[in-house]
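Paired with chain B in one complex and with chain C in the other, chain A is shared by the two complexes that follow.
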Partner chain A sequence: MDLPGPIHDFLLVFLGSGLILGGLGVVLLTNPIYSAFSLGLVLVCISLFYILSNSHFVAAAQLLIYVGAINVLILFAVMFMNGSEYYKDFNLWTIGNGLTSLVCTNTSWYGVIWTTRSNQIIEQDLISNSQQIGIHLATDFFLPFEFISIILLVALIGAIAVARQ
Partner chain B sequence: MMLEHILVLSAYLFSIGIYGLITSRNMVRALMYLELILNAVNINFVTFSDFFDSWQLKGNIFSIFVIAIAATEAAIGSAIVSSIYCNRKSTRINQSTLLNK
Partner chain C sequence: MNSRSKRLIRSIFHIHRSSSMFLLYEYDIFWAFLIISSAIPILAFLISGVLAPVKKDPEKLSSYESGIEPMGDAWLQFRIRYYMFALVFVVFYVETVFLYPWAMSFDVLGVPVFIEAFIFVLILIVGSVYAWRKGALEWS
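Coming up: the complex of A and B.
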(Lines of atoms letter the chains of each structure in order from A and count residues from 1; the text may use other names and numbers.)
(Lines give C-alpha, C1' and ligand atoms only; values in the text may rest on other atoms or scores of the structure.)
Protein backbone atom coordinates (compact mmCIF):
# COMPACT_ATOMS: atom_id res chain seq x y z
CA MET A 1 0.00 0.00 0.00
CA ASP A 2 1.23 3.50 -0.58
CA LEU A 3 0.82 4.88 2.89
CA PRO A 4 3.19 7.49 4.26
CA GLY A 5 6.35 6.03 5.70
CA PRO A 6 5.85 6.33 9.47
CA ILE A 7 2.26 5.01 9.35
CA HIS A 8 3.42 2.02 7.32
CA ASP A 9 6.22 1.35 9.81
CA PHE A 10 3.92 1.71 12.79
CA LEU A 11 1.38 -0.71 11.31
CA LEU A 12 4.14 -3.22 10.55
CA VAL A 13 5.45 -3.01 14.12
CA PHE A 14 1.92 -3.40 15.49
CA LEU A 15 1.14 -6.44 13.37
CA GLY A 16 4.56 -7.92 14.04
CA SER A 17 4.09 -7.68 17.79
CA GLY A 18 0.64 -9.28 17.41
CA LEU A 19 2.26 -12.10 15.46
CA ILE A 20 5.01 -12.59 18.06
CA LEU A 21 2.61 -12.65 21.00
CA GLY A 22 0.13 -14.87 19.17
CA GLY A 23 2.85 -17.33 18.22
CA LEU A 24 4.02 -17.55 21.82
CA GLY A 25 0.41 -18.01 22.89
CA VAL A 26 -0.16 -20.95 20.56
CA VAL A 27 2.80 -22.81 22.02
CA LEU A 28 2.70 -21.89 25.67
CA LEU A 29 -1.01 -21.90 26.55
CA THR A 30 -2.09 -25.18 28.11
CA ASN A 31 -5.81 -25.01 27.36
CA PRO A 32 -6.16 -26.13 23.73
CA ILE A 33 -9.13 -23.85 23.07
CA TYR A 34 -7.10 -20.80 24.11
CA SER A 35 -4.28 -21.84 21.85
CA ALA A 36 -6.71 -22.38 18.94
CA PHE A 37 -8.03 -18.83 19.42
CA SER A 38 -4.48 -17.54 19.55
CA LEU A 39 -3.87 -19.28 16.24
CA GLY A 40 -6.90 -17.38 14.90
CA LEU A 41 -5.28 -14.11 16.04
CA VAL A 42 -2.06 -15.05 14.23
CA LEU A 43 -3.96 -15.80 11.01
CA VAL A 44 -5.90 -12.50 11.13
CA CYS A 45 -2.64 -10.57 11.73
CA ILE A 46 -1.07 -12.31 8.75
CA SER A 47 -4.07 -11.37 6.58
CA LEU A 48 -3.76 -7.68 7.56
CA PHE A 49 -0.07 -7.92 6.83
CA TYR A 50 -0.85 -9.14 3.31
CA ILE A 51 -3.03 -6.05 2.78
CA LEU A 52 -0.02 -3.90 3.67
CA SER A 53 2.03 -5.80 1.08
CA ASN A 54 -0.26 -4.93 -1.85
CA SER A 55 -1.56 -8.50 -2.06
CA HIS A 56 -5.26 -7.98 -1.65
CA PHE A 57 -6.40 -11.25 -3.20
CA VAL A 58 -4.16 -13.39 -0.99
CA ALA A 59 -5.36 -11.41 2.05
CA ALA A 60 -9.00 -12.13 1.23
CA ALA A 61 -8.22 -15.80 0.48
CA GLN A 62 -6.34 -16.10 3.78
CA LEU A 63 -9.21 -14.57 5.72
CA LEU A 64 -11.85 -16.73 4.05
CA ILE A 65 -10.01 -20.04 3.94
CA TYR A 66 -7.65 -20.00 6.89
CA VAL A 67 -9.67 -18.09 9.48
CA GLY A 68 -13.10 -19.02 8.19
CA ALA A 69 -12.60 -22.68 7.36
CA ILE A 70 -9.36 -24.14 8.73
CA ASN A 71 -9.46 -22.42 12.12
CA VAL A 72 -13.13 -23.39 12.58
CA LEU A 73 -12.24 -26.97 11.64
CA ILE A 74 -9.45 -27.01 14.22
CA LEU A 75 -11.82 -25.61 16.84
CA PHE A 76 -14.32 -28.36 16.02
CA ALA A 77 -11.59 -30.96 16.38
CA VAL A 78 -10.45 -29.48 19.71
CA MET A 79 -13.96 -29.31 21.14
CA PHE A 80 -14.85 -32.77 19.89
CA MET A 81 -12.07 -34.43 21.81
CA ASN A 82 -12.62 -33.14 25.31
CA GLY A 83 -11.14 -35.82 27.45
CA SER A 84 -10.36 -35.06 31.03
CA GLU A 85 -6.71 -35.41 30.13
CA TYR A 86 -6.60 -31.93 28.67
CA TYR A 87 -7.28 -29.97 31.77
CA LYS A 88 -4.67 -31.45 34.01
CA ASP A 89 -1.44 -29.54 34.15
CA PHE A 90 0.13 -31.02 31.10
CA ASN A 91 2.94 -28.59 30.59
CA LEU A 92 5.72 -30.70 32.02
CA TRP A 93 8.86 -29.00 30.82
CA THR A 94 11.07 -31.98 30.15
CA ILE A 95 14.69 -31.93 29.10
CA GLY A 96 13.66 -32.61 25.50
CA ASN A 97 11.49 -29.50 25.50
CA GLY A 98 14.34 -27.32 26.73
CA LEU A 99 16.83 -28.78 24.29
CA THR A 100 14.45 -28.32 21.35
CA SER A 101 13.70 -24.74 22.34
CA LEU A 102 17.44 -24.00 22.49
CA VAL A 103 17.98 -25.51 19.06
CA CYS A 104 15.02 -23.74 17.49
CA THR A 105 15.88 -20.28 18.81
CA ASN A 106 19.60 -20.27 18.12
CA THR A 107 19.40 -20.06 14.38
CA SER A 108 21.25 -17.21 12.80
CA TRP A 109 18.44 -14.70 12.68
CA TYR A 110 20.20 -11.94 10.87
CA GLY A 111 21.86 -14.18 8.32
CA VAL A 112 18.90 -13.12 6.22
CA ILE A 113 20.54 -9.68 5.98
CA TRP A 114 22.82 -11.07 3.34
CA THR A 115 20.00 -11.43 0.82
CA THR A 116 20.90 -9.21 -2.10
CA ARG A 117 18.29 -6.90 -3.44
CA SER A 118 17.92 -5.73 -6.99
CA ASN A 119 16.99 -2.19 -7.98
CA GLN A 120 13.35 -1.68 -7.27
CA ILE A 121 11.70 -0.14 -10.27
CA ILE A 122 8.47 1.49 -9.26
CA GLU A 123 5.94 0.81 -11.99
CA GLN A 124 2.46 2.06 -12.38
CA ASP A 125 -0.04 -0.71 -11.95
CA LEU A 126 -2.66 -0.24 -14.61
CA ILE A 127 -4.12 -3.62 -13.70
CA SER A 128 -5.02 -4.30 -10.11
CA ASN A 129 -3.53 -7.12 -8.09
CA SER A 130 -6.53 -9.44 -8.30
CA GLN A 131 -6.80 -9.00 -12.06
CA GLN A 132 -3.13 -9.84 -12.51
CA ILE A 133 -3.50 -12.99 -10.44
CA GLY A 134 -6.54 -13.97 -12.48
CA ILE A 135 -4.69 -13.42 -15.76
CA HIS A 136 -1.73 -15.52 -14.66
CA LEU A 137 -3.89 -18.30 -13.25
CA ALA A 138 -5.79 -18.54 -16.53
CA THR A 139 -2.79 -18.45 -18.87
CA ASP A 140 0.56 -19.33 -17.34
CA PHE A 141 -0.50 -21.42 -14.36
CA PHE A 142 -3.52 -23.14 -15.83
CA LEU A 143 -2.26 -26.70 -15.34
CA PRO A 144 -1.48 -26.35 -11.60
CA PHE A 145 -4.89 -24.73 -11.17
CA GLU A 146 -6.65 -27.77 -12.64
CA PHE A 147 -4.51 -30.13 -10.58
CA ILE A 148 -5.42 -28.25 -7.40
CA SER A 149 -9.11 -28.66 -8.18
CA ILE A 150 -8.62 -32.41 -8.74
CA ILE A 151 -6.69 -32.65 -5.46
CA LEU A 152 -9.50 -30.90 -3.62
CA LEU A 153 -12.07 -33.27 -5.12
CA VAL A 154 -10.04 -36.37 -4.16
CA ALA A 155 -9.45 -35.03 -0.66
CA LEU A 156 -13.14 -34.36 -0.15
CA ILE A 157 -14.08 -37.88 -1.24
CA GLY A 158 -11.32 -39.34 0.91
CA ALA A 159 -12.36 -37.40 4.01
CA ILE A 160 -15.96 -38.55 3.63
CA ALA A 161 -14.83 -42.15 3.13
CA VAL A 162 -12.63 -42.03 6.26
CA ALA A 163 -15.21 -40.35 8.47
CA ARG A 164 -18.08 -42.55 7.40
CA GLN A 165 -17.09 -45.50 9.57
CA MET B 1 15.55 -2.53 6.32
CA MET B 2 12.01 -3.58 5.69
CA LEU B 3 12.68 -6.85 3.85
CA GLU B 4 15.04 -8.28 6.45
CA HIS B 5 12.68 -7.59 9.34
CA ILE B 6 9.79 -9.33 7.61
CA LEU B 7 11.98 -12.33 6.77
CA VAL B 8 13.12 -12.53 10.40
CA LEU B 9 9.46 -12.47 11.48
CA SER B 10 8.59 -15.36 9.17
CA ALA B 11 11.66 -17.31 10.34
CA TYR B 12 10.53 -16.77 13.93
CA LEU B 13 7.04 -18.14 13.19
CA PHE B 14 8.58 -21.10 11.37
CA SER B 15 10.87 -21.98 14.27
CA ILE B 16 7.99 -21.71 16.76
CA GLY B 17 5.98 -24.07 14.55
CA ILE B 18 8.87 -26.56 14.36
CA TYR B 19 9.34 -26.43 18.14
CA GLY B 20 5.63 -26.99 18.76
CA LEU B 21 5.45 -29.79 16.22
CA ILE B 22 8.37 -31.64 17.81
CA THR B 23 7.19 -31.28 21.42
CA SER B 24 3.43 -31.64 21.06
CA ARG B 25 1.85 -34.66 22.71
CA ASN B 26 -1.52 -34.18 21.10
CA MET B 27 -2.51 -34.69 17.49
CA VAL B 28 -4.81 -31.69 17.23
CA ARG B 29 -2.04 -29.38 18.47
CA ALA B 30 0.26 -30.88 15.84
CA LEU B 31 -2.26 -29.81 13.18
CA MET B 32 -2.25 -26.28 14.60
CA TYR B 33 1.54 -26.02 14.49
CA LEU B 34 1.57 -27.32 10.94
CA GLU B 35 -0.70 -24.42 9.94
CA LEU B 36 1.75 -22.03 11.62
CA ILE B 37 4.61 -23.45 9.55
CA LEU B 38 2.68 -23.15 6.29
CA ASN B 39 1.71 -19.57 7.09
CA ALA B 40 5.31 -18.61 7.78
CA VAL B 41 6.27 -19.95 4.36
CA ASN B 42 3.39 -17.99 2.81
CA ILE B 43 4.61 -14.74 4.39
CA ASN B 44 7.99 -15.36 2.78
CA PHE B 45 6.48 -15.94 -0.66
CA VAL B 46 4.21 -12.89 -0.54
CA THR B 47 6.99 -10.62 0.75
CA PHE B 48 9.38 -11.63 -2.00
CA SER B 49 6.64 -11.26 -4.58
CA ASP B 50 5.86 -7.77 -3.30
CA PHE B 51 9.46 -6.58 -3.25
CA PHE B 52 10.90 -8.14 -6.39
CA ASP B 53 8.15 -9.30 -8.70
CA SER B 54 5.35 -6.78 -8.88
CA TRP B 55 4.80 -7.56 -12.53
CA GLN B 56 4.25 -11.29 -12.69
CA LEU B 57 3.31 -12.06 -9.05
CA LYS B 58 4.63 -15.62 -9.09
CA GLY B 59 5.01 -15.69 -5.30
CA ASN B 60 1.40 -14.64 -4.79
CA ILE B 61 0.10 -17.40 -7.06
CA PHE B 62 2.22 -20.03 -5.36
CA SER B 63 0.98 -18.90 -1.97
CA ILE B 64 -2.60 -19.39 -3.20
CA PHE B 65 -1.69 -22.99 -4.08
CA VAL B 66 -0.12 -23.44 -0.63
CA ILE B 67 -3.34 -22.18 1.01
CA ALA B 68 -5.39 -24.69 -1.02
CA ILE B 69 -3.10 -27.59 -0.13
CA ALA B 70 -3.14 -26.58 3.55
CA ALA B 71 -6.95 -26.61 3.54
CA THR B 72 -6.93 -30.09 2.01
CA GLU B 73 -4.43 -31.37 4.53
CA ALA B 74 -6.34 -29.90 7.48
CA ALA B 75 -9.54 -31.63 6.35
CA ILE B 76 -7.88 -35.02 5.86
CA GLY B 77 -5.87 -34.68 9.08
CA SER B 78 -8.88 -33.92 11.21
CA ALA B 79 -10.83 -36.81 9.62
CA ILE B 80 -7.99 -39.18 10.52
CA VAL B 81 -7.70 -37.76 14.04
CA SER B 82 -11.41 -38.08 14.71
CA SER B 83 -11.50 -41.67 13.46
CA ILE B 84 -8.53 -42.52 15.71
CA TYR B 85 -10.33 -40.86 18.62
CA CYS B 86 -13.52 -42.82 17.88
CA ASN B 87 -11.58 -46.06 17.89
CA ARG B 88 -9.28 -45.57 20.85
CA LYS B 89 -10.65 -42.67 22.93
CA SER B 90 -7.22 -41.05 23.14
CA THR B 91 -5.16 -38.76 20.92
CA ARG B 92 -1.70 -39.09 22.35
CA ILE B 93 0.92 -39.03 19.65
CA ASN B 94 3.04 -41.82 21.08
CA GLN B 95 0.13 -44.20 20.50
CA SER B 96 0.01 -43.46 16.81
CA THR B 97 1.04 -46.93 15.70
CA LEU B 98 -2.66 -47.72 15.88
CA LEU B 99 -3.05 -47.19 12.14
CA ASN B 100 -1.04 -50.26 11.22
CA LYS B 101 -3.38 -52.85 12.65
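Coming up: the complex of A and C.
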Protein backbone atom coordinates (compact mmCIF):
# COMPACT_ATOMS: atom_id res chain seq x y z
CA MET A 1 0.00 0.00 0.00
CA ASP A 2 1.57 3.25 -1.10
CA LEU A 3 0.22 6.28 0.72
CA PRO A 4 -0.16 9.23 -1.65
CA GLY A 5 -1.22 12.75 -0.71
CA PRO A 6 -5.02 12.30 -0.33
CA ILE A 7 -4.67 9.48 2.20
CA HIS A 8 -2.24 11.60 4.18
CA ASP A 9 -4.78 14.44 4.16
CA PHE A 10 -7.57 12.07 5.14
CA LEU A 11 -5.53 10.83 8.10
CA LEU A 12 -4.84 14.44 9.11
CA VAL A 13 -8.55 15.31 9.08
CA PHE A 14 -9.48 12.10 10.90
CA LEU A 15 -6.93 12.61 13.65
CA GLY A 16 -7.78 16.30 13.93
CA SER A 17 -11.46 15.56 14.41
CA GLY A 18 -10.59 12.90 16.99
CA LEU A 19 -8.47 15.48 18.76
CA ILE A 20 -11.23 18.08 18.82
CA LEU A 21 -13.85 15.56 19.96
CA GLY A 22 -11.53 14.39 22.72
CA GLY A 23 -10.89 17.94 23.83
CA LEU A 24 -14.61 18.70 23.94
CA GLY A 25 -15.11 15.47 25.88
CA VAL A 26 -12.55 16.50 28.50
CA VAL A 27 -14.33 19.79 29.11
CA LEU A 28 -17.98 18.84 28.73
CA LEU A 29 -18.34 15.34 30.22
CA THR A 30 -19.72 15.34 33.75
CA ASN A 31 -18.08 12.16 35.07
CA PRO A 32 -14.39 13.04 35.73
CA ILE A 33 -13.21 9.53 34.92
CA TYR A 34 -14.76 9.81 31.45
CA SER A 35 -12.99 13.10 30.90
CA ALA A 36 -9.67 11.58 32.04
CA PHE A 37 -10.08 8.81 29.44
CA SER A 38 -10.97 11.41 26.86
CA LEU A 39 -7.70 13.15 27.66
CA GLY A 40 -6.01 9.83 26.91
CA LEU A 41 -7.67 9.85 23.48
CA VAL A 42 -6.33 13.37 22.83
CA LEU A 43 -2.77 12.32 23.72
CA VAL A 44 -2.98 9.23 21.47
CA CYS A 45 -4.14 11.41 18.57
CA ILE A 46 -1.20 13.74 19.12
CA SER A 47 1.13 10.75 19.05
CA LEU A 48 -0.31 9.63 15.69
CA PHE A 49 0.20 13.16 14.38
CA TYR A 50 3.88 12.81 15.23
CA ILE A 51 4.02 9.62 13.15
CA LEU A 52 2.49 11.49 10.23
CA SER A 53 5.25 14.07 10.57
CA ASN A 54 8.07 11.49 10.40
CA SER A 55 9.17 11.84 14.02
CA HIS A 56 8.89 8.27 15.17
CA PHE A 57 10.89 8.56 18.37
CA VAL A 58 8.84 11.52 19.59
CA ALA A 59 5.64 9.60 18.81
CA ALA A 60 6.80 6.63 20.87
CA ALA A 61 8.01 8.91 23.69
CA GLN A 62 4.66 10.71 23.65
CA LEU A 63 2.79 7.41 23.99
CA LEU A 64 5.09 6.15 26.71
CA ILE A 65 5.29 9.28 28.84
CA TYR A 66 2.03 11.12 28.29
CA VAL A 67 -0.44 8.27 27.90
CA GLY A 68 1.40 5.66 29.93
CA ALA A 69 2.56 7.76 32.86
CA ILE A 70 0.96 11.19 33.05
CA ASN A 71 -2.55 10.11 32.07
CA VAL A 72 -2.36 7.24 34.58
CA LEU A 73 -1.34 9.72 37.30
CA ILE A 74 -4.28 11.97 36.37
CA LEU A 75 -6.62 8.95 36.57
CA PHE A 76 -5.28 8.08 40.01
CA ALA A 77 -5.79 11.66 41.16
CA VAL A 78 -9.36 11.57 39.80
CA MET A 79 -10.04 8.34 41.71
CA PHE A 80 -9.50 10.16 44.99
CA MET A 81 -12.58 12.25 44.40
CA ASN A 82 -15.89 11.16 45.87
CA GLY A 83 -18.58 9.97 43.53
CA SER A 84 -21.32 12.13 44.98
CA GLU A 85 -19.61 15.41 44.24
CA TYR A 86 -20.38 15.49 40.52
CA TYR A 87 -21.90 18.54 38.92
CA LYS A 88 -25.55 18.77 39.83
CA ASP A 89 -26.28 22.10 38.21
CA PHE A 90 -24.46 21.91 34.93
CA ASN A 91 -24.61 25.46 33.64
CA LEU A 92 -22.98 25.42 30.21
CA TRP A 93 -22.95 29.08 29.22
CA THR A 94 -21.27 30.95 32.03
CA ILE A 95 -19.19 34.05 31.30
CA GLY A 96 -15.91 32.23 31.86
CA ASN A 97 -16.90 29.41 29.51
CA GLY A 98 -17.92 31.82 26.77
CA LEU A 99 -14.78 33.92 27.08
CA THR A 100 -12.48 30.88 27.05
CA SER A 101 -14.18 29.36 24.02
CA LEU A 102 -13.92 32.69 22.14
CA VAL A 103 -10.24 33.02 22.94
CA CYS A 104 -9.38 29.42 22.12
CA THR A 105 -11.13 29.30 18.76
CA ASN A 106 -10.20 32.71 17.37
CA THR A 107 -6.57 33.42 18.26
CA SER A 108 -4.58 30.97 16.15
CA TRP A 109 -6.14 31.36 12.71
CA TYR A 110 -3.35 33.63 11.40
CA GLY A 111 -0.68 31.08 12.22
CA VAL A 112 -2.68 28.34 10.51
CA ILE A 113 -3.38 30.34 7.33
CA TRP A 114 0.21 31.51 6.90
CA THR A 115 1.68 27.99 7.17
CA THR A 116 2.79 26.63 3.80
CA ARG A 117 3.84 23.11 2.97
CA SER A 118 7.44 22.99 1.85
CA ASN A 119 8.25 21.26 -1.43
CA GLN A 120 11.62 19.94 -0.39
CA ILE A 121 12.69 16.45 -1.24
CA ILE A 122 12.66 14.28 1.86
CA GLU A 123 15.10 11.42 1.73
CA GLN A 124 15.88 8.75 4.20
CA ASP A 125 18.83 9.55 6.45
CA LEU A 126 21.71 7.19 7.03
CA ILE A 127 21.37 7.57 10.79
CA SER A 128 17.90 7.00 12.22
CA ASN A 129 15.91 9.53 14.23
CA SER A 130 16.64 8.23 17.68
CA GLN A 131 20.35 7.87 16.99
CA GLN A 132 20.50 11.52 15.93
CA ILE A 133 18.64 12.55 19.05
CA GLY A 134 21.05 10.52 21.15
CA ILE A 135 24.10 12.08 19.52
CA HIS A 136 22.81 15.62 19.96
CA LEU A 137 21.75 14.93 23.55
CA ALA A 138 25.17 13.61 24.47
CA THR A 139 27.36 16.16 22.72
CA ASP A 140 25.62 19.50 22.13
CA PHE A 141 23.14 19.32 24.96
CA PHE A 142 24.94 17.33 27.60
CA LEU A 143 24.58 20.03 30.29
CA PRO A 144 20.75 20.14 29.95
CA PHE A 145 20.89 16.34 30.05
CA GLU A 146 22.49 16.45 33.50
CA PHE A 147 20.12 19.19 34.62
CA ILE A 148 17.20 16.95 33.62
CA SER A 149 18.38 14.35 36.11
CA ILE A 150 18.50 17.02 38.82
CA ILE A 151 15.00 18.22 37.91
CA LEU A 152 13.69 14.64 38.08
CA LEU A 153 15.34 14.18 41.48
CA VAL A 154 13.78 17.39 42.80
CA ALA A 155 10.36 16.39 41.44
CA LEU A 156 10.60 12.95 43.06
CA ILE A 157 11.64 14.32 46.47
CA GLY A 158 9.06 17.10 46.39
CA ALA A 159 6.19 14.84 45.37
CA ILE A 160 7.02 12.23 48.00
CA ALA A 161 7.33 14.90 50.69
CA VAL A 162 3.95 16.39 49.74
CA ALA A 163 2.08 13.11 49.30
CA ARG A 164 3.18 11.68 52.62
CA GLN A 165 1.15 14.18 54.61
CA MET B 1 20.46 -3.22 -19.18
CA ASN B 2 23.22 -3.81 -16.64
CA SER B 3 22.67 -3.72 -12.88
CA ARG B 4 24.34 -0.31 -12.43
CA SER B 5 21.85 1.55 -14.57
CA LYS B 6 19.01 -0.42 -12.96
CA ARG B 7 20.23 0.73 -9.55
CA LEU B 8 20.45 4.30 -10.79
CA ILE B 9 16.89 4.20 -12.08
CA ARG B 10 15.68 2.69 -8.81
CA SER B 11 17.41 5.41 -6.75
CA ILE B 12 15.90 8.13 -8.95
CA PHE B 13 12.51 6.49 -8.52
CA HIS B 14 12.96 6.56 -4.73
CA ILE B 15 13.81 10.26 -4.70
CA HIS B 16 10.95 11.08 -7.02
CA ARG B 17 8.51 9.04 -4.97
CA SER B 18 9.36 10.82 -1.76
CA SER B 19 9.21 14.32 -3.14
CA SER B 20 5.47 14.73 -3.07
CA MET B 21 4.57 12.81 0.07
CA PHE B 22 6.08 12.03 3.40
CA LEU B 23 7.92 8.86 4.26
CA LEU B 24 4.69 7.11 5.20
CA TYR B 25 5.14 4.04 3.06
CA GLU B 26 7.22 2.46 5.80
CA TYR B 27 4.19 2.56 8.06
CA ASP B 28 1.44 1.18 5.81
CA ILE B 29 1.40 -2.14 7.66
CA PHE B 30 1.11 -0.22 10.93
CA TRP B 31 -1.99 1.69 9.75
CA ALA B 32 -3.57 -1.51 8.46
CA PHE B 33 -2.89 -3.24 11.79
CA LEU B 34 -4.34 -0.26 13.71
CA ILE B 35 -7.52 -0.22 11.65
CA ILE B 36 -8.07 -3.98 11.88
CA SER B 37 -7.35 -4.14 15.61
CA SER B 38 -9.80 -1.29 16.25
CA ALA B 39 -12.47 -2.84 14.04
CA ILE B 40 -12.48 -6.32 15.60
CA PRO B 41 -13.63 -5.39 19.16
CA ILE B 42 -16.20 -2.93 17.81
CA LEU B 43 -17.55 -5.66 15.53
CA ALA B 44 -17.61 -8.18 18.40
CA PHE B 45 -19.60 -5.88 20.65
CA LEU B 46 -22.00 -4.89 17.89
CA ILE B 47 -22.76 -8.44 16.81
CA SER B 48 -23.31 -9.73 20.33
CA GLY B 49 -25.37 -6.66 21.16
CA VAL B 50 -27.64 -7.40 18.24
CA LEU B 51 -27.85 -11.18 18.50
CA ALA B 52 -27.87 -11.86 22.27
CA PRO B 53 -31.23 -12.07 24.10
CA VAL B 54 -31.62 -9.73 27.08
CA LYS B 55 -33.58 -10.97 30.10
CA LYS B 56 -32.82 -9.13 33.30
CA ASP B 57 -33.70 -10.68 36.64
CA PRO B 58 -32.33 -9.60 40.04
CA GLU B 59 -30.00 -12.54 40.45
CA LYS B 60 -28.29 -11.88 37.12
CA LEU B 61 -27.72 -8.25 38.03
CA SER B 62 -26.04 -8.87 41.40
CA SER B 63 -22.24 -8.78 41.54
CA TYR B 64 -20.15 -11.94 41.45
CA GLU B 65 -18.32 -13.02 44.62
CA SER B 66 -16.98 -16.52 43.87
CA GLY B 67 -20.36 -18.20 44.12
CA ILE B 68 -21.38 -17.04 47.60
CA GLU B 69 -23.89 -14.35 48.47
CA PRO B 70 -22.18 -10.93 48.05
CA MET B 71 -21.64 -9.25 51.41
CA GLY B 72 -20.91 -5.57 51.80
CA ASP B 73 -20.43 -2.86 49.24
CA ALA B 74 -18.44 -3.31 46.05
CA TRP B 75 -16.76 0.10 46.27
CA LEU B 76 -13.55 0.50 48.30
CA GLN B 77 -11.72 3.61 49.37
CA PHE B 78 -8.81 4.34 47.08
CA ARG B 79 -5.60 4.11 49.09
CA ILE B 80 -2.71 6.52 48.88
CA ARG B 81 -0.06 3.86 48.37
CA TYR B 82 -1.36 3.27 44.83
CA TYR B 83 -0.62 6.89 44.05
CA MET B 84 2.87 6.70 45.61
CA PHE B 85 3.76 3.77 43.38
CA ALA B 86 2.47 5.53 40.27
CA LEU B 87 4.53 8.61 41.19
CA VAL B 88 7.80 6.74 41.63
CA PHE B 89 7.02 4.84 38.42
CA VAL B 90 6.60 8.06 36.42
CA VAL B 91 9.95 9.50 37.46
CA PHE B 92 11.89 6.37 36.61
CA TYR B 93 9.94 5.90 33.38
CA VAL B 94 11.00 9.38 32.20
CA GLU B 95 14.58 8.48 33.10
CA THR B 96 14.31 5.33 30.98
CA VAL B 97 12.95 7.26 28.00
CA PHE B 98 16.01 9.52 28.22
CA LEU B 99 18.26 6.48 28.24
CA TYR B 100 16.81 5.09 24.97
CA PRO B 101 18.45 7.55 22.52
CA TRP B 102 21.73 7.29 24.41
CA ALA B 103 21.60 3.52 24.01
CA MET B 104 20.81 3.81 20.28
CA SER B 105 23.88 5.98 19.64
CA PHE B 106 26.21 4.22 22.08
CA ASP B 107 28.46 2.66 19.47
CA VAL B 108 29.36 5.94 17.73
CA LEU B 109 29.96 7.89 20.91
CA GLY B 110 32.96 7.34 23.15
CA VAL B 111 33.83 6.85 26.80
CA PRO B 112 33.11 10.47 27.97
CA VAL B 113 29.45 10.04 27.00
CA PHE B 114 29.35 6.79 28.96
CA ILE B 115 30.55 8.70 32.03
CA GLU B 116 27.88 11.38 31.48
CA ALA B 117 25.13 8.77 31.35
CA PHE B 118 26.62 7.16 34.45
CA ILE B 119 26.34 10.49 36.31
CA PHE B 120 22.72 10.79 35.08
CA VAL B 121 21.80 7.36 36.44
CA LEU B 122 23.75 7.98 39.66
CA ILE B 123 21.79 11.13 40.51
CA LEU B 124 18.57 9.21 40.00
CA ILE B 125 19.81 6.32 42.15
CA VAL B 126 20.17 8.88 44.95
CA GLY B 127 16.48 9.68 44.38
CA SER B 128 15.50 6.04 44.49
CA VAL B 129 17.37 5.50 47.77
CA TYR B 130 15.49 8.51 49.19
CA ALA B 131 12.16 7.04 48.09
CA TRP B 132 13.13 3.69 49.62
CA ARG B 133 14.15 5.15 52.97
CA LYS B 134 11.10 7.40 53.21
CA GLY B 135 8.76 4.44 52.85
CA ALA B 136 7.25 5.35 49.49
CA LEU B 137 7.82 1.77 48.35
CA GLU B 138 6.06 0.07 51.27
CA TRP B 139 3.15 -2.11 50.31
CA SER B 140 1.74 -3.04 53.71
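The definition used in the following text is that the second predicted complex is superposed on the first by the 137 of 165 C-alpha atoms of A that agree within 3 Å, B and C clash if a C-alpha of one lies under 4 Å from a C-alpha of the other, contacts with A are read in each partner's own complex, and residues count from 1 in each chain.
Heads up, the rule we're going with is that contacts are C-beta pairs under 8 Å (C-beta built on N, C-alpha and C of every residue); 3 or more make two chains touch, one makes a residue touch a chain.
For clarity, every value in this text was computed on a predicted model and none was experimentally measured.
The superposed arrangement places chain B and chain C next to each other on chain A without a clash. Within the superposed three-chain model, A:53 lies in touch with chain B and with chain C [touch as defined at top].
Of the two partner chains placed by superposition, chain B and chain C are both touched by A:61.
By the touch criterion defined above, A:150 lies against chain C but remains apart from chain B after alignment on the C-alpha atoms of chain A.
In the superposition on chain A, A:19 makes contact with chain B only, not with chain C. By the touch criterion defined above, A:158 lies against chain B but remains apart from chain C after alignment on the C-alpha atoms of chain A.
Residue contacts after overlaying the shared chain place A:5 against chain C, while chain B stays out of touching range.
Contacts of A:39 after superposition on the shared chain: chain B is touched, whereas chain C is not. Once the two complexes are laid over each other on the shared chain, residue contacts for A:69 go to chain B and to chain C alike. Counting the residues of chain A touched by each of chain B and chain C gives the higher count for B. Closest C-alpha contact of chain B with chain C, superposed model: 6 Å. Residues 53-54, 57, 61, 65, 69-70, 73, 76-77, 80, 83, 123, 132-133, 137, 148, 152, 155-156, 159, 163 of chain A lie in contact with chain B in one complex and with chain C in the other. On chain B, the positions that touch chain A within their shared complex are 2-9, 11-13, 15-16, 18-20, 22-23, 25-26, 28-29, 31-33, 35-36, 39, 42-43, 46-47, 49-52, 54-58, 60-61, 63-65, 67-72, 74-76, 78-83, 85, 89-91. Against chain A, the residues of chain C that register as touching in their complex are 14-15, 17-25, 27-28, 30-32, 75, 78, 80, 82-84, 86-91, 93-95, 97-98, 100-106, 108-109, 113, 116-117, 119-120, 123-124, 126-127, 130-131, 134-136.
Those residues of chain A that touch chain B in the complex are listed here as 12, 16, 19-20, 23-24, 26-27, 32, 35-36, 39, 42-43, 46, 49-50, 53-55, 57-58, 61-62, 65-66, 69-70, 73-74, 76-78, 80-81, 83, 85-86, 90, 96-97, 100-101, 104-105, 107, 109-110, 112-113, 115, 117-118, 120, 123, 125, 129, 132-133, 136-137, 141, 144, 148, 151-152, 155-156, 158-159, 162-163, 165. Residues of chain A that touch chain C in their complex: 1-5, 8, 11, 51-54, 57, 61, 64-65, 68-70, 72-73, 76-77, 79-80, 83, 119, 121-124, 128, 130-135, 137-139, 142, 145-146, 148-150, 152-153, 155-157, 159-160, 163-164.
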